[in-house]
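Which chain is which? They are A, B and C, in the order written, and residues in each are numbered from 1.
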């Protein structure tokens, strides 16, 4: 094999090197963002419970973004892994050990295993097939959880979970401060990991699979293996979100496996923009704020407005919104780059 | 005696009642500059798709450097040293040429599963990508989104990506398709510049390109090989002329 | 056991009528309409309202249960569905889910969230006894209507000009247009009829399936299963699939209640995995 390795001219080498390192660097906007989230207990001490929910939803959205935004795999049943993680963590705390971090690890492993096993079902087929298969799996798990109500508590849910203090030091307080900081920390750590993974050769190959599977395999990418990997990772992330949910609210019910969880999540990810790690996080913030506002006005029928939002968004709202965003982003270009991993 | 670079033995492909590939036995020698020509609909791309693993043949065998790859997946064949370009550009719309070349290089260096590593840990890959970009006249657009590139540059990228895989066997499917006359020179130069030990199978309609490039030509009509030999022999072959002239007479 | 088979067949046929519109829309317009169940629900509520508030006899409400959803379908198709045809399947799914959410909430608000109950006319209540097997009268009625509709549908599809135009448009839209077939009108008509059939099915189903605002969500998956397992081309695939699902679901719930609807979902996932284009699909 003797393809001549010419040396490129120095200016080009420089340019290329700079482009790559620029992408990796933390932008000012990102630093400010995470700084604000860390300072939230001081800035919004009474909103801790809501912010905890936002953090958990953000993590859940991040997990869907990994498969949807980065690998192009659609799923209408991502709540499967949220539920798997939640029940695993809840049952673990009830029957084995109430330490949060141990429970988190157990839940992540359980969800990852489930993700790994079901990943083979989404390898083949069109978008429509995948939507149906993932929906079917979520419904399957729901029925299973419903049927084995002696273990899962059925519609009433798992009662009586009492979490031990975090790291043995910080008990979960009623205002939700520990809960929020716990969820935020997990979100941040997993975000860092995702950032690194999506900026790696593996992440690049995922985007290739998303953009053009034919070309990807013609380039030597073993598509099936990569999909299994990213699907398992995404399931693990969703499982973590589920565990956080179970542990910080000390309650798990069938609601965690309901269809609207997966459907709402889709909206969250596409509002913020799929394929961009901050998309899920921003979408989660917007969604929760919206949900909170709407629920105050019409507590019973807020799904109506969510539905309306979905319809409007898909009918043309997305283009308008993203057009607006693009223009303001051009202005704020230096703060948060769209191509940031 | 070393095995030929690429060989098909009695390759057949049927689509329902249609025989798209009819008992094709093709041999591409090491270091070949081999062209595959034929009228439209002759089944050239179908043949390439079988060679690369996108389509499964109905019968027959395919050997890459003596190794049977008839049932191997496309990605496996790439790893064994086969690379191709597509007739219609197949690029990654969200990427830049740099991204795409890096992707190819990462896969070549078995980094595809490294999810914890930086994209260009040592800087070597970036340099190699830059070198390839320069060679294919893509250096001025290396960081631009692929969607903004003019067609000619996209075509260059298509070939550059196949080349970056350091193939031992390269299949070029109508590289000049859609490329304006003025830029075909560049293309010819690129193709002529390919290293001597890379075996190339060129599928083309542009006879100028074919006769300047090839040392051996195979003619495919209706999925059947009707002639195989040196350019001079092919030019003089009555069956070939009938196939081409017959085509234009009927039209 | 034969009673269960009979019930399963009745259920399956009802599912077929309910899902037939979805099968044709998916096959014809390549449009995934998860809101299909909403039209079924509309038909159910038309019957309920007519019976409860205006004392209209059950059978007399059925034509309205067809017409009202058909009309709504025609209007919606022309207005908000049209722009969605060109979009990706994912967008279509999100769009129709959004519609479902809206409809479910709206119906809950207007009609209340309780299960709707109707009193069947006396001649439809009870059962015949044939050779010692109890055959429900209502279920026989449902089967009869569904068989009649299926035959009518098949006739229209195979033997009328409209049917052949429809099949041409399904096979290849562009060519059909080129042949002068007004594809837009065909879409609208088909969508309307499909919605109407769903409405009729919903009305027939009040007694067998129940009716409350969550109907579209509850049964969405069943319609999808019929269409995915049955394949999108023609009616025989979905018909067979619907019967299969009806029998399996009823039998499953009777013999293995612990697993409930589990069986159906597992069946769907298995079929999609092994044959993504559907069990009975004709390869294109």
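Just so we're on the same page, contacts are C-beta pairs under 8 Å (C-beta built on N, C-alpha and C of every residue); 3 or more make two chains touch, one makes a residue touch a chain.
Because the structure is a prediction, the values reported are computed rather than measured.
Peer 1: Moving only between chains that touch, what is the shortest number of steps from chain B to chain C?
Peer 2: 2
Peer 1: If you tally contacting C-beta pairs, which pair wins, A-B or A-C?
Peer 2: A-B
Peer 1: Which chain has its C-alpha centre farthest away from the C-alpha centre of chain C?
Peer 2: It is B.
Peer 1: What is the distance, in whole Å, between the centres of chain B and chain C, each centre taken as the mean of its C-alpha atoms?
Peer 2: 50
Peer 1: Averaging only over C-alpha atoms, locate the centres of chain A and chain B and give their separation in whole Å.
Peer 2: One centre to the other, that is 40 Å.
Peer 1: Could you grab the centroid distance between chain A and chain C? Build each centroid from C-alpha atoms only and quote it in angstrom.
Peer 2: 35
Peer 1: Any chance you could list the residues of chain B touching two or more other chains?
Peer 2: none
Peer 1: Can you name the residues of chain C that touch chain A in the complex?
Peer 2: My answer: residues 32, 80, 83-84, 87-91, 93-95, 97-106, 108-109, 217, 221, 224, 228, 258-262, 265-266, 268-269, 272-273, 276.
Peer 1: Enumerate the contact residues on chain A facing chain C in the complex.
Peer 2: That would be residues 74, 76, 120-121, 124-129, 131-133, 135-137, 139-140, 143-144, 146-147, 259-260, 263, 266-267, 270, 300-301, 303-304, 306-311, 313-316 of chain A.
Peer 1: Provide the residue numbers of chain B that touch chain A in the complex, in ascending order.
Peer 2: Checking each residue of chain B against chain A gives 52, 54, 73-76, 78-79, 81, 83-84, 86, 90-95, 98-99, 102-104, 106-108, 111-120, 123, 126-131, 133-135, 139, 142-143, 161, 163, 165-166, 168, 195, 197-198.
Peer 1: Touching chain B in the complex: which residues of chain A?
Peer 2: 1-9, 12-13, 15-17, 19-20, 24, 196-197, 199-205, 207-208, 210-212, 214-215, 217-223, 225-226, 229, 275
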